[in-house]
C-alpha cells in the first residue's frame, strides 16, 4: 500500500502542471505603465545588451605576431665621424626583434676604446687631491671602471681617481642636436602610404607621420629618443563577413616626457662594436644611442554567436521583467484609488498566530464586511479563497 | 497611535511570508510537456553550461615566459664565401630573444663595404645620361646612399647617379636556392624528440618537423624565409589534479605566402659585421639574411570553482524556467480543449474603467453565462472572484 | 466585425496589467525564515558580488610597454682574459630588448677561432681508431662541424674524427665559479632604491634584491644562469581617483631549478664577436654566456562601472530570490503543523482526466472533507474552485 502510494504520488506529480493564478487589472493607467516599463526592459535586453553590446556573443582575445621592416638612408656630418652614411643595418639595433623595432636618431660616440687606465670623469665622489682619496678596488655604480687607488690629473685644473676601464672614457653630456633621420620610409615596395583619410588600410607608414599623429614633433623627440606605441586594434564580429574584419591603427607616445618626474627621460642605450687592431689587441667603439623605439601592440577581440551568453543575458533579462511587476504592484497597491479592491483581490491571508491582535484583524474585517454584503451565514464556504481567518471566525 | 501603527506595520510585514497561489492542472499532455521542457532547461543549465562549459568556474589567462635553445651545424659552399661552417652563434640572430628565435636559412652577402662613392644600382629614377639628371644631396628611400650630383658609368651599357654609401652596393636580387640548414635540432641533451603520437610532451622539436606539421615545405620556405608560430596552449582545470595540466603544441605558418597581395613576402632583414682594416679604416660585411622566425605564442586559461559565476548561471537558469511556464501557459490556454475552464481558474479580472464598452463586456459575459449556469440576476455577487466591476453594479 | 474584434483584443491586451495572486502567511517561524533567507541572498548579491567582487564593473586587461636600463661595472681576472672590466655594453646582450633584459654573469670564452680543420672534442660517436670510423660529410647535431673523414690525434691518448669548424673548438665544461656582477644597480640617476616596506613605488631595483625576494641566491644563480620574472601587477578601479592606481612588484624565478627533470638547467646562449686579422682573414671570439634574463611581465586589469554587468548580476540575484520561495514553500507545505490549510489556500486543482482513478481522488477527498466541514453530500458543487471536472458533474 505504501509503495503503491509512493508510485502514485510520483505519477501524480509528473502529470501535473503548476501555473500561478493571475489577477488581471484592466486599467488605462496601470496597463500603459506596465507595457511601457516592459517595453523599456525588453528594449534594454534586446537592443542594448544583445544588439549594441553583442551580448549574444562569446569573445576571445587576439593572439598575434608582428613583422616589421624599415627602409631609408640618413646622412650625418660630424667632427668625430666626418661625413657618414647610415643605412638600415647601421641604425636598426638589434637588426630584428619581435613586435618592436628601434631606430637610432642621435648618438654620442667614443672611438677606439681599449681596456686600460685613465682618470675618471670629474663627478662628486671621483674628485681627489691625493692617493688617499682614492680606494683601490672601489667600484662606484655611477662610474666607468674599477679604481686603482691612484689620484691622477684629469685636466689642467682637475684631478680624479684613476680607473681600469675602457679608455678613453665616454663624456656623457647632452646629446647634440642632429638631423640623422629626416625621412625614413617603411617598406616602400608598394606605392601606398598610410593616410587616415585616403589610405587607412595601407600598412606602410612614414615614421614622421606616426609621431605627428601622436601629437609629437619628430625632431624634438629624436634628440633624446622616446618610445612610440603603434596600436593595432582588431575588433571582429565572426558572424559577419570576414572582409569586415580590418585593423585600426593609432599611435601614441608611451614614454613620459616630463623631465622632472621621470627617472630616465627619452630612450637610449649603450652598445659597442668590437675590433682587433694590428697588435691583435681588442678595441671597441662605444656608442650611446638615442632613438625611438616603436612598440607594435596588437590587441582586440573577436566575437561569435554562442548559446551560453545569449541565454545568460535572456535569463537575466527575464528576471528583470520581474522587477516591472514589483514596481507596478507598488503603484497599483499604494497610489491608485481602487487600491483596496486590488489588495483584496490579490492577497489572501492565513494566520499562523494563536492570538491575533484586534488592531490587525480590524483592519481586515472592515474590508470584508464592505465587500460581502449581503452575506449569507454560509459565506465562508463561498469566499473560501478570499481572505479570512478561517479558523478564528467560527461558522 | 501613528508610531504604534508604523511599528506594527513593520512587524506585520516582517513576519509575513508571501507565496503565489497556484493552479495545478493535472493532465497527461500538459504535464508531460511541462516536465519535458523543464528537463530540457535543467539539462541545458547543469549539463551544458555547468559541466561541459564549466560555467561554475572563474577563469584567468595564462602569463608566460619562454626560453629556447637551438643546436645544429650547417655547411655551405658558395663562390663568395667558399666552404663555410655555420653554427648557432652564426645563424641565430640576435643570439637571444624572449619568446622568439630566428634561424638564418639563406643569405645575400656583400663583403668588404666601406663608406665611399660608387654608382647606384640601375633602377627607375637612378638611371642618367648626364650630371643634370642627378641631384646632389637627394636621398631616395629606395636607394642605397646620398647622391653626389654626378652621373657615372655603372657598367658597359648603363650610367647611374653616383652616391655616397657603403660601397660596393648590395645587388638585391633573388636569393640563391641554398641548402643551409637541412637538419637542425633543438636542445639535443635529452634523447626524446617531439612526436604527436609517440612523444607529445617532449619539448624538443626538429625545425623541419614543426614546418611539416604546418603543412609547409622547409626547403621552399627556407629560400625566402617566413614566420612560424609555435602555439603552446595551456587549458587547465585547477579543480583537477595538476598532473592533468599539460601544454598542447600546434604549429602554423604566420606570414602570408601569397606573393601578389603581400607587401613583403617571406622574412628577411639586413645586418652587418664591422671590422677595421690595417689602415684603421672601418669596413663591414653586409648580410641580407633570409630565415625562419619562430614565434613562441603561449596562450590559454585556467579555471577554478567560484561561487559567483556558479550562482550567476544558476540564477539565469532559474529565470529560463520561467519561460517554460510562458510556453506551457500559451499551449494550455490556447490549444487545449478545456482552455476556457483553465482561463477561468487562472485569471481573475478587475476593471478600472468607468465606462466599459459593450463590445468588451460582451466577450466576457458570454463566457460567464456558459460557465455559471444556472445564473441568478445577482450573479455578480456570486462570481465575485471572476471578474466584476464590483463597485459599479449596485447590489 | 473580425478586424474590430482583433483591434479590440489588442487594445484590451495593452491596457491589462497581470499580477500573480498572493497567499500571505502570517507566521513567526515562516516569516522569520523567509526574511532571513531573503536577507542572505540580498547580502550575497549586493555585498559579495557587487561590492567585494565589483560585479557592477566591466573590466579590460592592461596593455603595456616596458623600458629598462641597467647600470654598473664588473671586474674579472681570469687566465684566458686577464684583468678585464665589463660595463653595460659588454654584459647586456642584446643591448636592447622589449620587456626583457639579459645580464651576463658567467662565461666560457674561446678566443681566436677561424674556420679550419681540427679534431672533434672526445665524445661518444666522435672517438675513432682509424679513418674508417669517420664518415666524410657527416654532421652530428651534438658536434661542432662537418666531418672530413679523417681520424686524427686529439691528445696524447685520444684520437677523434677531424671536422671543418670554427677552430679551436669550445671545451664545453662546467662554467667556472666567477663573481662577475656582485653589485649592479638599475638607473641610479634617482637616489631611491626599491624597498618593499620603505620605498614600494621606487622603480629602481638592485638585481641582487630582486633575486633575494624570489628566495634565491644571486651567486648560486649566477653560475649557471636563470630566468627571473619581474611581475608588475596593475589592479585599477577607474571609478576611484587615479592616484589609487599604482603597480605592485613581485619577483619569482621562472626557470626550473631541478637538474634532474630539466632539459637545459640554467640559462645560457652562445654569441660571437667577429674580427678580421692582418691577412683579412675572419676570426671570431666565441662566448658561451651564462646569465640571468629578467622578463618584465606586466598584467592586470581595470574596472569601471557599466550598466550591463550590473543588471546581469541584479537579474541573476532576483532569480535566486525565487529559490527562497521554493525553499520556504517546501518548509511551509511539508513541515508546518498547518500545512494542509496552506496547501488548500495555495493550490487549486483542475483535472484534465476523463476518468479519475479512485486512489487519486481519495487522497484529495480526505483532505477536502477535513477542511470544508460541514460538508454536504453535494459538496462537489460547493467546492467548485477546488478540483472538479466542472462539466462532468451536472448541477
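The letters A, B and C name the chains in turn, as written, and every chain counts its residues from 1.
Note that a contact is a pair of C-beta atoms (placed from the backbone, for glycine too) under 8 Å apart; a residue touches a chain by one contact, two chains touch by 3 or more.
If you're wondering where the values come from, they're calculated on a predicted model, not measured in any experiment.
In the Cα superposition of chain A onto chain B, the rotation angle, rounded to steps of 5, is 120 degrees.
Copies chain B and chain C of the same chain sequence form an interface built mainly from non-equivalent positions, shared numbers / all numbers used being under half.
Averaged C-alpha coordinates give centres for chain B and chain C that are 16 Å from one another. Among all residues of chain C, those that touch two or more other chains are 12, 18, 20-28, 30, 61, 94, 97, 275-276, 278, 312-313, 315-316, 318-319, 345, 347-348, 385. Considering their complex, residues 12, 14-30, 61, 63, 65, 67, 69, 71-73, 75, 83-85, 87-90, 92, 94-98, 183-185, 187-190, 203-204, 273, 275-278, 283, 307-308, 311-319, 336, 338, 341-342, 345, 347-348, 359-360, 371, 373-374, 382-383, 385-386 of chain A touch chain B.
Of all the residues in chain A, the ones that touch chain C in their complex are 4-5, 8, 12, 18, 20-28, 30-35, 44, 48-49, 53, 55, 61, 93-94, 97-100, 102, 115, 139-146, 164-166, 227, 229, 231, 254-255, 263-264, 267, 269-272, 274-276, 278, 280, 284, 286, 293, 295, 297, 299, 312-313, 315-320, 322-323, 325, 328-329, 332, 345-353, 381-382, 384-385, 390-391, 395.
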